[in-house]
Amino acid sequence: MIRGRVSGKLWSSRRVPSLPVGALLEIEIDTGGKLIAFDPLGCAPGEAVLVVQGSVAASYFSGVSAPIDALVIGSIDEEKKSKT
Amino acid sequence: MIRGRVSGKLWSSRRVPSLPVGALLEIEIDTGGKLIAFDPLGCAPGEAVLVVQGSVAASYFSGVSAPIDALVIGSIDEEKKSKT
Amino acid sequence: MIRGRVSGKLWSSRRVPSLPVGALLEIEIDTGGKLIAFDPLGCAPGEAVLVVQGSVAASYFSGVSAPIDALVIGSIDEEKKSKT
Amino acid sequence: MIRGRVSGKLWSSRRVPSLPVGALLEIEIDTGGKLIAFDPLGCAPGEAVLVVQGSVAASYFSGVSAPIDALVIGSIDEEKKSKT
Amino acid sequence: MIRGRVSGKLWSSRRVPSLPVGALLEIEIDTGGKLIAFDPLGCAPGEAVLVVQGSVAASYFSGVSAPIDALVIGSIDEEKKSKT
């Protein structure tokens, strides 16, 4: 997985029907680069997140074949990390 | 997923039979680089698009085993984004 | 998918038994780098080709589990492209 | 697989329910870069580890569909390596 | 697939039980970088090899779910290549 930070949101009205309804966030990856991830958690701009990539991101959507290759799987606890 | 912009189209007459009939677009990726993606939406040159990569791109083609690893899954609403 | 050009061929006599018999081409990727792809089309040196990567490349070989992660899926029509 | 070294740990309280309970380690990759991997072995900070990436990392979790794309599969024997 | 050359070997005594028993080789990739691959062929240091990556590397191990994402699938015939 990779760490990143929410830097934006995007909308796509004209889309393939199998794209699940939900937030598509722009994530700035900590090690450089950007990607767009589906966010089932409702993360806010600036929030640190954990993103999974590849076919396992799609397997989150059970029963359907979702064309999703990046998924926010957690919000990173920033306070706890600095204490450790 | 990644953001990109349609920069061209390509044709391949001599191809494997399992390659689906449809548009093969050249996409300039926003963070650099280029790729070729299958486009089921009929996107135009210059249009901003959302592209999914890997085996989930192939799962869009139900019932067949398509050799596709990049798929345009949406046209990005550029006006809405600037308003947000 | 990615665009590339055939730059060589390689032979491997000592190989895993599940590697399919056929041409293994060295491809120079248009955006930089090289890879080795299985070619079911009989492409010639210098020919522009379209290459698919990842597990979908293996699914071309139906009924067997081929250890192939890159496959030439088409020869690119170079004349048509310049006319468009 | 890639070699890396454990450089930290992270916590995520707000997470998707399918994320398995267990350690999420930050790994510094030997050839550069960082990633977050699930660690079933209890590795310590500074330990050299072997990490597998992609969908096979998720297949470690049998019976469930875990959104994991990087898994620590072994601790590297550093003494033995230097002797060889 | 990618071309590389065997540059070392590693041992991991503390490992997940599903990691198959066999050689784990360090491979220097021809285009730069390094990776660790499972070697079922018994390749020697300095030998030129062909490596497959991703989930198809794991499918080599039939009947089990092996956490392997890189596999040596052939030793490259270096003399034949120079003659062609």
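The letters A, B, C, D and E name the chains in turn, as written, and every chain counts its residues from 1.
Everything below uses one rule, namely that a residue touches a chain if its C-beta (ideal position, glycine included) is under 8 Å from a C-beta of that chain, and two chains touch if they have at least 3 such contacts.
Everything quoted here is computed from the prediction, not taken from an experiment.
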Given chain C and chain E, the chains that contact each of them: none
Cα superposition of chain C on its sequence copy chain D - rotation in ° rounded to nearest 5: 145
For chain A paired with chain C, centre-to-centre distance based on mean C-alpha positions, whole Å: 32
Length of the line joining the C-alpha centres of chain A and chain B, rounded to whole Å: 20
Touching two or more other chains - residue numbers and ranges from chain D: 54-55, 57
Chain order, ring traversed from chain D with chain E following: D, E, C, B, A
Residues of chain E defined as touching chain C within the complex: 1-3, 30-31, 40-41, 50, 52-57, 59-60, 62, 71, 73-77, 80-81, 84
Contact set on chain E toward chain D in their complex: 8-16, 18-19, 24, 26, 33-37, 54-55, 57-58, 65-70
